[in-house]
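Below are the structure tokens for one structure; questions will follow.
We call the chains A, B, C and D, going by the order they appear; numbering starts again at 1 in every chain.
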Amino acid sequence: MNYKDLFAEIAVQAAQIENLGEVAAYIPELQRVDPLKFGIHLTTLENENFGVGDYQEKFSIQSIAKVLSLTLAFDLEDDKLWRRVDVEPSGTPFNSLVQLEYEKGIPRNPLINAGALVICDILVSRLKNPKREFIEFVRKIAGNQAINYCQRTADSEKSTGYKNAALINLMKSYGNIHNDIDVVLDFYFHLCSIEMSCQELSQHFLFLAAGGINPLNNEKVISASKSKRINAIMQLCGFYDEAGEFSFRVGLPGKSGVGGGIVAIHPGQYSVAVWSPKLNQKGNSYKGMKILEFFTTRSESSIF
Amino acid sequence: MNYKDLFAEIAVQAAQIENLGEVAAYIPELQRVDPLKFGIHLTTLENENFGVGDYQEKFSIQSIAKVLSLTLAFDLEDDKLWRRVDVEPSGTPFNSLVQLEYEKGIPRNPLINAGALVICDILVSRLKNPKREFIEFVRKIAGNQAINYCQRTADSEKSTGYKNAALINLMKSYGNIHNDIDVVLDFYFHLCSIEMSCQELSQHFLFLAAGGINPLNNEKVISASKSKRINAIMQLCGFYDEAGEFSFRVGLPGKSGVGGGIVAIHPGQYSVAVWSPKLNQKGNSYKGMKILEFFTTRSESSIF
Amino acid sequence: MNYKDLFAEIAVQAAQIENLGEVAAYIPELQRVDPLKFGIHLTTLENENFGVGDYQEKFSIQSIAKVLSLTLAFDLEDDKLWRRVDVEPSGTPFNSLVQLEYEKGIPRNPLINAGALVICDILVSRLKNPKREFIEFVRKIAGNQAINYCQRTADSEKSTGYKNAALINLMKSYGNIHNDIDVVLDFYFHLCSIEMSCQELSQHFLFLAAGGINPLNNEKVISASKSKRINAIMQLCGFYDEAGEFSFRVGLPGKSGVGGGIVAIHPGQYSVAVWSPKLNQKGNSYKGMKILEFFTTRSESSIF
Amino acid sequence: MNYKDLFAEIAVQAAQIENLGEVAAYIPELQRVDPLKFGIHLTTLENENFGVGDYQEKFSIQSIAKVLSLTLAFDLEDDKLWRRVDVEPSGTPFNSLVQLEYEKGIPRNPLINAGALVICDILVSRLKNPKREFIEFVRKIAGNQAINYCQRTADSEKSTGYKNAALINLMKSYGNIHNDIDVVLDFYFHLCSIEMSCQELSQHFLFLAAGGINPLNNEKVISASKSKRINAIMQLCGFYDEAGEFSFRVGLPGKSGVGGGIVAIHPGQYSVAVWSPKLNQKGNSYKGMKILEFFTTRSESSIF
């Protein structure tokens, strides 16, 4: 595949796609972003790198961070993890309490908010200084000490995070949260506030395309088997109630965030990250999905 | 009706009914009550009084207090109240979040937990010192300065009240809670901790049998029209998911609490309160419902 | 109460209330009715009769007939009936399948469609010629041989009754329908097609105001105890998802139909029927509810 | 990969896995199958073939046929198809009516019963003689004239198919079924009754591993793009409420049936079919899933 030519096409394409959708409204800090921003960056297993647009600009990765917390928790807990969170698609909007109540406080999967909160609770139990140890884990994979939380975004989300507070209280009532609610929520809001650029994201997620090994420094992040399973979870659960649509159109495992970022993996080949702040009605980047569909269609690189 | 003879029969009957069910488990403090306690007390509009058993012993009235907070809020807000809470039966277990999410944070009625929390929020907005003013309102109706909150019960419920915290956070996310969550929950837990005896309860609720006027001192608590409407709400919503069963068997408007108390009203005739701590599977006093069914069957005093 | 003067006021009032809402759309035959029709008729236990407007004109009583089939089935089955249908309010729109699935094919109450279908199934099991025997039961209570099914309405409903077919098939899958589905549906659609005037309805339902005895001929329709229980069920379940609103505003047990009819009972006093074809969003007669609210407010005759 | 050695290991493994679960109970005809049957067959794109056990014995493919009807309907309708059925995972047990009602008669995806019924309705509209034309379409892909419906199984399912009748009536009430219900159900029950062996299944489904071309005769069944999209739908929706579990453990797109069959695809490599009649609690072959997990783990051939 000649990615260089394809990225030239993408630059043209990105300018032509109408910039529909709305910037996430429920976190005040996210409202401040320029809605016209657009970037995409690809990193291959051979460490070839291709970028277009604002691919070096940091943005709030939001729910994309849930893949990183899952990675750390899965590594620490092994299959014990699945006693407290399932691996099934949610089939309902991402914040829904209905299914959680029906299933007695066991979230459907670790990538919806409820599941990510359980993962945070596990990390709070496991780590001495959760916030510091987690960001160091992220920095180490990325080989990049500049990655950090954004305190303003974390504060902004905390001030309006009533649905997450409802979720975690409901799970606590079922005994599936072991630590103090405020501590877990604080960790969760920090985690979602991490800022990375498309370039950093595509390089960071490369280990999931490489069987758990970071090909940039040859360090093992997680076992090959766990790496595959994280990809399987992303494929089925990475896009709220639009996982089917993303699989259908793009055909790669991936994860989106309400900051407008999407990262996707082609096992054995590459990791790609895209950013465009306006979201469609299901809460995923409108232009980001369009561009990734264009990219896998032209490169014929759906996993299916 | 010769209530004296009937109460003699009730004493016999109460001893014969098997004391099935379980004392409420989710509030530690309620677990300490003697499960064999039983009392019933009737007050007629003519201020005749009849009691059997432990009718002078105070117990935690719990959700019965929701009728009192509704009374005060309805008096203060008039029909504006119904913008924030509906008057329909809930048709699902009393703590359910499902319907609340489906209906965008507007609770089905003021007697389920969610609705009572909204009523508390309204009173917190309206009153300068909510806890003090509310207990004074209760004492004034009852003509009884000895009625009070139980701090230990309020603390006990606060320490385990995660479902209520989930409910109020969910409603806050929909904009239907205006005050600080902790303040509203604290008020709510105090309200539920009020302790009264069957005698105090039946005398206190007499105003709802008397068109809003307290017949013991001739003071108006609420308008006749509002009094009728509160009775209508109790009839349809006073027994969690067993309102139909209570209407079917007992045939009076009433309200139960997980402390094992039930109060019921016959408009134009009397108010009756019963207490037996063991609850059936739907969360209502097992023996209390049996005795009230016996009472209305023998006295032929269903409103239907 | 001077009902004569009050009915004169009602005539004025009825002309002033805006005729909002929509005639039921889902049964083609019901669409043919004149939306301006209005009638009300009251029958007291002393057989005083008061009518205004089109109170002698027959209309399709629709779901009001469910009270009559319940009466017959309750009389035949006694408390065995409640093994197959509950007595709780539904708390969701009247055709909803959700709760039925959640509760394994046991309908919430006999006045929602699912429950009425179970009642029909029971009558099909119990009666040799269900359609003939049922209409004779109705005629006998009313003392009126002219009451009949409307074949065109029954056919019309059958041709579009897919939701009812869904409900009955779902219940059959849970084993709660014992007879052939087509036979039960045919009986159900006939039952709903019965035509009566407000005058006939108020006279017919008088037995529920009179403890189960038809005061016009002193014949017992059902026991006093069952009569009270049917009233209790109407109070909690007679108005789809607006039972609370009707209780709150009108304060009487009653039942509505999508033909625009409503019948209501004041135990010990009277039966009243009203008809206005335009329905509010919850499926109950818009003007009918307004007029009944006016009637009970002016006559101060809420049961609460 | 040396599949020959691996299949020898599978034979050993299959004998060691406990044969847990239950044969499908709700279709009487399926109850007659020998629960000890076990077969697996692999066909590679190079037309290498490997089989173990009862891989040449025909069984009822049941829901696996939904992939074939989807293939034909997608080919005929192109993207118009998605106006009537979505591509999202269902997240609830496979027969649930809840979500269907919530989403106004639009099924979540074409592989749950509701969606497959809509696909059948589309084929009934499109084909002159649906049953004959459909089986010919299947035979042509397979290059096998011996494939046929099983009339007894179709009759057996029809006699107990009340949940499917509920589903189709509900969708008809929303306007998403255009043909006569009995005709569509008859077609659906025939479709599910098709009988094939593991060998026939793995050869038949090879076109989905080969970009829509049947590699055995080089004929195009469907476009490459549509082939990928069908695989994406299988990945997310092929295993009722266990799609995540299958993805997580096996890591291939596939489809199961209550007859105990599972077919799975590795795009670009092979198609594999397994059969063991006992089902786990989610309705998928217990041993079939275990063996496929063993197979992809040993061959390291998850797509992730």
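As a convention for this text, a residue touches a chain if its C-beta (ideal position, glycine included) is under 8 Å from a C-beta of that chain, and two chains touch if they have at least 3 such contacts.
Worth saying up front: this structure is predicted, and the values here are computed from it rather than measured.
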item	value
Chain separated most widely from subunit A, comparing mean CA positions	C
Centroid spacing, where centroids are CA-atom means, of subunit B and subunit C in whole angstrom	32
Where subunit B and subunit D are represented by their mean Cα positions, the distance between them in whole Å	55
Multi-chain contact sites of subunit C, meaning residues that touch two or more partners	none
Contact graph of the chains (line, ring, star, complete, other)	ring
Contacting chain pairs - touch in the sense defined above	A-B, A-D, B-C, C-D
Residues of subunit B defined as touching subunit A within the complex	96-98, 101-102, 162-163, 165-167, 169-170, 172-173, 181
Sites on subunit A touched by subunit D in the complex	86-92, 99, 108-109, 225, 227-229, 231-233, 235-237, 241-245, 247-248, 251, 253, 267, 297, 302-304
